[in-house]
Every structure is written in C-alpha cells, then in structure tokens.
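What follows is one structure encoded as structure tokens, with my remarks underneath.
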C-alpha cells in the first residue's frame, strides 16, 4: 500500500491553553490535528489526576498533528512561543501516512 | 531488555464507524487493538469538539493496533476499504514491543 | 528548532493496576508521564468496551513516558515486573523532544 | 394574531427557552462554559426514557385508541415523503449537489425529540390534552426519512453503504430503542407502577430539560460560530421555510385522521422538526461524502431554534384554529 | 407456589426489572444504545450513598440493635465460607483450573449491592420491614470472600500478589467506603437531618435505579453476546445453583440469629448475590492469571439476572414461609 | 461563645459537612473512591444554575432593592482590594516570590461559590433571610481579584499574558455566565415560572450539594496528600488567617451599606472564601510561572475546609452580633 512520509507532533499542554494552541495552529495553517484527553500524569510540577475535578486548571490535553516533514520547523516555532512558559512536553515522531491529501 | 520490532498503526475515524472498523480488524485477524477517545480536532471538514454533544455523528475515535511488520500491508488494505470514503487519518510508526506473544 | 533524541514508552495496562504502575515509575525516578484513557479494545482475552461500566476491572489506561534513551533499559526492567503477569502491551518508539529539561 | 404574540411571548419567557437562549449567547460570546459530553448523553437518555414511559402510561390509562394505528402510519408516510419535498425545495433554493441535498432532506423528514418534548410542555402550560401514543408516532418517524434519502442518492447513481448492519443501526438506534422500550414499560406498569418512579421521571422533568436545552444552545451556538460561510442565504431560508411546510403536512394528516387539537399540534411539531442525532449518525456511515457541516448546522443552528422559539406558538395557534380548543 | 408466581409476576412487571430487560434486549439486538461510563459511575455513587444513609437513619431511629453485631458476624462468616462451597462445586460441575475456580468462588461469597437494593424495593412493595443495619452487613460481606479465594489459590501453590497495598484497596474500596460512610452519616444526622436531603436521596431513588438497571442490562447483555463459548453448560448451571445455595445459607444464618422476615430475606439476597465490581477489580490485581471473561460473565450475565427476576420472589416466598409475615 | 459552639456543632453534624469529611477521609486513607470528572462538572453546572435562578426569582419577588447597586460595588471593591492585603500578608508570613504570592492573593480576593451555597444553607437552617441579589454580588466578585493580581505582577516587572482573549475568558468564564444567566432567567420568569422547575432546582438541591461536597472532599484530600512539603507552616497560617480578614472586610462593607444580618453574613462568606475554579484557570494562562501546587492546595485544602467547618458558624455568630437577628 502506498504511504507517504510525515511527522507526527504531539503537544501535551494544560487544558486552559487548548484554545490558544488551536488558534496558533490555525494561524500557522496547520488545519489537521486531533485532541486526546489526558486523565492524569506526573511531571516536575508534581503528579495530578483529573478525577472529580471541576475546573480546567488541573487538566491537560494532548494535541496531535500529522504534517509534511518540510512544515515541521515552522510548526515547532509557532508552537514554541506558546508552550515555552507552560508546563507540558512536545514530541516529534516519524510516521507514514496512508493518504497524502489528508495532511 | 529483549524487544521485538513491530508496527504501530493509528486510525483516526468517525465514531459511528467504530463498530465497522472493529469488525474489519477482526475479520483480518487483527485481534489486538486499543481505542482511545478523541475529544476534538480539526481537518478539511472543519474543526469540532465533543463537548456537550449527544449524538455520535460529531465525534471521532483513534484505533491503535500494534502488529508484526509482515502483517502491515494486509491490515492497511482491509482498512483502506473502510476509511477510503471517510474522514480521518491513518498513520504507521515503527516501534519495539516488550513481549512478542502479545501481538 | 533544536530537538533532543528520546524514547517514548507506551504502557497499556488494566485500570486497577494504574496506581501500582505509577508507584513503580516514581520508584524508578521516572517522574514524567501522562495517562490517557482507553475506552475499548481487543486482545487475547477478548474484546471489551468501557461503556456503561461501573467497576475498574473492565477498563485499561495508557501510560506514556518520554525518557532519555540511556534510561530506557532501567525503566523497562522495573515495568516488566509489574506487567509481566498482566494483560496489556508495552511499546517503545524513537522521538525528538523540544525541550531537554522536560524529561 | 394577538393570540400568537401572547403565546410567543409566553413561550419565549419560559425557563426552557431562556435556558436555550443563554446557551446560544454563551457560545456566541465564546464563553468557556461547556457541558461534559457524558452529562449531555445521560440527560438525553433520561429525557427519552421519561417521555416514552409517560406516553406508555397514558395509553395504558386510556386504552389503545383506534387512531393509534392510523397516526403511526401517517407519521411513517410523512417521514418518508417530506424528504422528497425538501429535496425538490433544496434544488430550487440552493446550489447543493445531489448527495448533500439528499442528506439534508433526510433530516427534515425525521424528527427532533427535544422539539417534541418542548411541544408537550407548551401543551401542558396551555392545558390542552394530547394522545399518549404520539410518543410512538415520534419513534416511528425517526427512520423512514433515511430510507427516502438513500433512495434519492442511489437513484442519482451515487453509491451508499446500505447493508444489513446499517439497517439494524437505523432501526435499533439508541433513541428509538429508548422511546419504544420505555413506552412499552409504561404500558405494562401503568399508572400504578409509574407512581413509584414519578418523583424521578415526572416531577424533575422540566428542570432537567432546562439544563439539556442550555447544552443544546451551547452546541447550536458553537455550530453557528464555526459555520460562517457554510450557511448561504438560500440554505438559511430553507431552514426556516421547510419546518413550516412540515408543520403544514402534519396538520393536514392530523385533520384527515381526526385527531384532537393537542395531537394535531404534536404531529405538526414532528413534521416541522429536523433530526440532529439519529440521522447525522446514519449519514456519516451511509453517505460519508455529504458534509456534516451543512446538515448539522442547518438542523441544529437554524431550524431547531426557530421551532423552539417561534415555531411552537405558531403551530399551536394554527392547531387551535383548525382543531378547536 | 401460587404466592411465588404472583410475586414473580409482580416482580417481573415492575419498572425496575423491565428496565433491566430492556437493556439486555437492546444489547443482544446490538442496538447502539450506550450509557456513558461517567454516568453509570455517578449513578452507582448516588445509589450506594442513598442506601447507606437510609440504613444509618433507620438505625438511629430504632437504636442499635443487639442483633447488629451477630448479624455482621454472620455476614462475615457467610462471605468467607461460601467461596469454599463454591470452589468445591466448581470442581464438580466444571473443568475450571484452580485459579479460575477460586476467582469465580470469590465473587459468590461477596455481594452485589444492586441486587440488595432491588431486594429492599421488593420488601417495600410487599410492606415488610427490615433492619436498617442490613446495609452494614452488606458492606461487611464485600471483602472476606476475597481473602478466602486468595487462601485457596496460595494453598494450591500459585502465587498471588497480596501486599499491604492490596489489603488497603480491598478494605477501603469505593463501595465499602460509600456504604459505611453514608451509613455513619445517616446515624449521626438521624431522621431530622435526613429530611433536608430526602427529596434527593429518597424520593427519586427508584427511578434512578431504573436507569441504573437499564445500564446493567446493557452491560450484562453485551457480556453475554461476547462470551459465546466461554460459558459452558456446567458453568451456567453453577451460576444458577450457587445463588440458591447462598440464599439457603443466608436463611439458615438468619433463622439462627432470630432475624425478622425482612432481614432474613435480605441476608438470603446477600448470600445469593455475586459481586461484579469490587471482587473483579481485586482479582485483576491479585490474580491476573484468572480470566475476567469467565467470572464477569458468570456473575453479571447469569447470576445477576437470575436473582433479579426469579431469585428475589423465590427468596421472599421462602423467607416468609420460615420467618412469617 | 456558647452560641458559637452550638452553631459549630450543628454545622459539623449536617449531612453537607459530613459528606465533605467523608471525602477527605477517603482520600487521605487512599481509598480508590473516585468521582467521574464529568459528573463533578455536571453537578457544578446544576448548582450554579440553581443558585443563580433562586437569586433572580427572589429579586423578582422583592423588587430591585436600592442596595443592590451599592452591594455589587462593594463586592467589586472587596474583590479588588483583598488581593493587595493578601499579597502584603504573604510577604510577611511566607517566603513566596512575587509571582506566586500574587497568584495566591488573586484566589483570596475572588470567591468560592460552593462556600457561598453552603452559607445559604446555614442561613436557611437558622431561619434567617438574606437578599436574593447576593448571588449577583458573588458573580461580580469572581473577576476583579484577577486584575489586581496581574497588576501586582506587572508592577514587579514580570510579564503576564494579558490580551483581549484572556479578558473575555475571565469575564465570560463558565461560572460567571451561569450565575448571571440563571439570575437573569430567574428575574424574568419569577416565582410562577420557577414553580415549573422547582422539583428539579430547589427540592433536591441540598442532597445534590452533599454529593458535590463529597467530591470536593476527595479532591481536597488528594491535594493535601500530594502536597506534603509544599505547604509550609507560614502558608498554612495564611490560609487560616486570610479568610478571617476577608470576612472582617465583608462585615465592615455590609455594615456600611446597612445590609440585613443574612446578607452581611453572605458578604463575609464571600470575602472569606477563596476561588478554586475560575482563578486557577486564569492563572495557568496568564501567569504560567506560578505553581498551581501552591495556590490550589492552599485554597482547596486549607481555606475551603476551614470556612466550611469552623468559618461559617464563626461568621454567622459575628454577623448576628453586629447585625442582630
């Protein structure tokens, strides 16, 4: 099956920042992304869990974008400005994508 | 620690298609997969969010299968027939798996 | 953008084991991890879905840690002791991380 | 006309409608107010179960009416026929391609159970009775419209994914099962059995509906905000005209069968309302090429608010005029 | 026997049981009706809290009964002893290996609080009183069965993961904490304090239980559908026989202590019912080798429906026969 | 002082407080009892809507009071000024850096609506009336404290992310929209419209609050357990002293405006309570450098339990002493 090389960027960031990150991705013309819920975790700022939480402040989300390799640097730069001061983690992986028109 | 080479396929697809995709995976003898919820995203068909939604129509899920490399092509072909006409994205990544009997 | 090589370990395990796994990760000094919900799946022990479930017994979670490559073996060994007898799957992938201090 | 304004005003100042308006306003103002998906789904299960059971109990009380059969039949015919009208109208008023037009049309043949429930609230406030079996009619009207739409599409040469699985999914979709199942339970347990569970299914019903409408407002408002550009003037006009045609068809059917005013009104509401749960899910599977941005926004963002605010008093005024009461 | 049929029929046509049946039917018919996981969990918290609190208030009303202590003790003994019987029986009736047999046995020593709640509903309908402290007995019976099962396994030479963490998890699992905590709250606040929160915890209770049983039906039905092949005839027979044995043991204990009819009945129900929340979670941690497909399906797919539909009237008839009333 | 102990005891033995205590105990004992996130969010929407609507209906009943305006103004001033006091106090009592001190201070200027709701329950039990518009005051006090804190930070030379988006997020955050929106709905529909939805929004209110407080206890207890080391003695002392200062400021303002006892009490409660929903979310966005471990734990783990258990009777005793009644 024919596949295409791409990069899969996963940005784990605080839930209250989701909107801003979405706006920045859209401003950077990254219109393809998916958001996965994160229900708990641990980091330098301690361990947490979404259970029973009412506010957004405690939670995080994982935003995943699959993009063409040549667009990676642009994406990381726009994203960096947002995440720089925030808790969370950004990872990049190589992947193959089934349909080229999809990203 | 001894690990084994495998492929990790992630299929992001509309929630109403989950059942069919499961049936196709099982028909293709892929009995190992996990389903992660997706709570929002954006693509060519616009941006969306699961918040407050009652119906399935708006949502998506991410089906992840870890399989032996030699089975990848068969899997992609069976899956392609389902996802071809549907929105969503299919990515394939290389990975190492801890226990060979598990996939 | 400068990135750093890392390993992304994903451990899919039964929900009742989440606490123990967290304790083991913390004992192994892996303080950075995120937990994603899994809402269904299939494996050698049959297929399942979290829908409508009251107890933990039926569900699974996916614990994702991004760690420095040199720490991978230690992590896998500690984890192996927990997951060995349990259902679930452990995968390791290569990734690049944006900020080195984050993992 | 005076009566209509009074009714409309009364309707607009009910906690139900105001909750919906609050939701729309919050979404348009981009408030971060959100309703958890699980809570919205749980509320909808509660509402469907409660309305189904009440219908069943009422039928158990009054005996199976001879008109039940004919009204269910009329509902099925309405649901199957309205998409054909809607499809023609879309061809005239908009530039939608065949597949999208058929998908939209399916929504208008099918029904919105929340609009129906809001209709029963309006009836109650006005002190007008209706037949308990109208819930069964509502359930019967969910699916036929989908088949009409698929027929329209396949006639045009496009492929639809219509297999036995999809059949089952359409006929046994969650809301049909809940409505029909709870209706049957209501019929079996009757008024006496209902007494046991009344303080859960009857007394708090309207308040729960307020919160659900708040959520519907949030979702509708968000849909509207995201859909700038999708909704052409032609589509919007269709979204306002089609419910009136559907209501008219419902009124006609109700008159022919000889239903009492309350039931004529509810049949009008069913005809006027557009699906936003069952049909969209079926369309995603059967006609993935159709754009959910169009049909969801039109049904939930235009027709649902119109019916809820202006449509209900309008239909009630009309039903009273032709049915008395 | 006539009495049993009347009771059984009355039970089968209550909204509670019919909701369960609707859920099973929807799942077997592969409807897409689903209950959000969060809603099911929230409902179960509500039910546990309400039932615990009611028990505590009732004890506060009637004073601590001398029989409380002996009944709790009897419950602990039952919970610890029934797994031994179940294990023997499984050895005779099925081909399960030691680990799986012990895991199944643990479920039958422990209890299902929903079955208990349904039992209290049946009592109420029949106008029979019972001791408020039976809720505490239910809580006390959750855990001992787990220890018996782990002892059976380790005696067979297999390893179990039994550390202090697991001890705490078993003894402080969510449902025990809720039952005991709410029981204590009920005892402290008494009838007067309860009055404040009655329209939340008492009046809507049965209706909420309907929706919960609908969900249980969906889960049980789905389990049955997925388990083709897992449930051998021997296992199924065990799933129907064991609750009767448990009920008999409960009846015996109740008679020995001299409990009133209502409490004998509830002790029978506790003996008969099988856990599907606390024990499965403990087994996943302590005995991961045991197959959840077997113990969950048996407990939730066979024994729970049997108790709910036929078991309850059967046990009530028996309790009346031996206890009077 | 006798009165205080009686009040405190009465408060401590109410189902509300006991539910909170149960939650804290379960979390500290590391029970696996958890509340689904979606259920907690749904409950909070319900509580905010209900309390807002009740306030609006009460204002519709009694007419707009001249004191409404001055009390809202006083609330805004309190909310803006208390962070300055808190900031000074933190400088004296703790070693927090400027950014963390300002972030903590913001929480104490803003309010906790659950503490407010618990306060209204205490008033009801004591049979003391209060002004319906106090809900509007509560809403008005959510945001000003955030601006004060951001001003404190920027004055110190640190950067905050204060753009128009954040402005909108702060002013249209979910709880403000719900409180104000439901208040407006209550004012429009009045007592008559409320009657329709009373059995959902009024009767079950206290019971629902019990479950919510159970969840708050679980979250607070978990926070305490995780925060060993974060909470220095100085911080803890601040968490107990600051609410008393806030309550004092509220009492002063209430006296100056000439509010009745009940409303003085509620203004004290608002002054004393610390935010744990709106302000933390704003801080995450505007001042990501501040450590949520400090401000969340202090607000939810120390101040909230203190207010709920000892603070409320203390403030009520004081309000009665100065306001009569």
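Here the chain labels run A, B, C, D, E and F in written order, and each chain numbers its own residues starting at 1.
The rule we apply is simple: a residue touches a chain if its C-beta (ideal position, glycine included) is under 8 Å from a C-beta of that chain, and two chains touch if they have at least 3 such contacts.
This structure is a prediction, so every number in the text was calculated from the model and none was measured.
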item	value
Set of chains adjacent to chain B and to chain E	C, D
Chain hops separating chain C from chain A, counting only touching neighbours	1
Chain whose mean Cα position lies farthest from chain C	D
Identity of the chain that, by mean CA position, is farthest from chain B	F
Centre distance in Å when chain B and chain D are each reduced to the mean of their C-alpha atoms	34
Rounded Å distance, chain B centre to chain F centre (Cα mean)	45
Rounded Å distance, chain A centre to chain B centre (Cα mean)	18
Shared interface positions of chain C, touching two or more other chains	19, 36-37, 39, 47, 49, 56, 93-94
Per-residue multi-chain contacts in chain E, two or more chains	32, 34-39, 41-42, 199, 203-204, 281
Residue ranges of chain D in contact with chain E within the complex	36-39, 41-42, 45-46, 49, 53, 168-169, 172-174, 177-178, 181-182, 184-185, 188-189, 193-194, 196-201, 203-204, 281
Residue numbers on chain A that touch chain F, as the complex places them	14, 16-17, 19-20, 23, 39, 45-59, 85-87
For the chain A and chain B complex, residues of the former touching the latter	1, 3, 6, 8, 18, 22, 25-26, 31-37, 61, 66, 93-99, 102-103
Touching residues on chain D, where the partner in the complex is chain F	13-15, 18-19, 22, 25-26, 29-39, 42, 199, 203-208, 210-211, 214
Interfacial residue positions of chain E with respect to chain C in the complex	34-37, 40-41, 44, 161, 165, 215, 218-219, 222, 226-227, 276-278, 280-285, 288-289, 291-293, 296
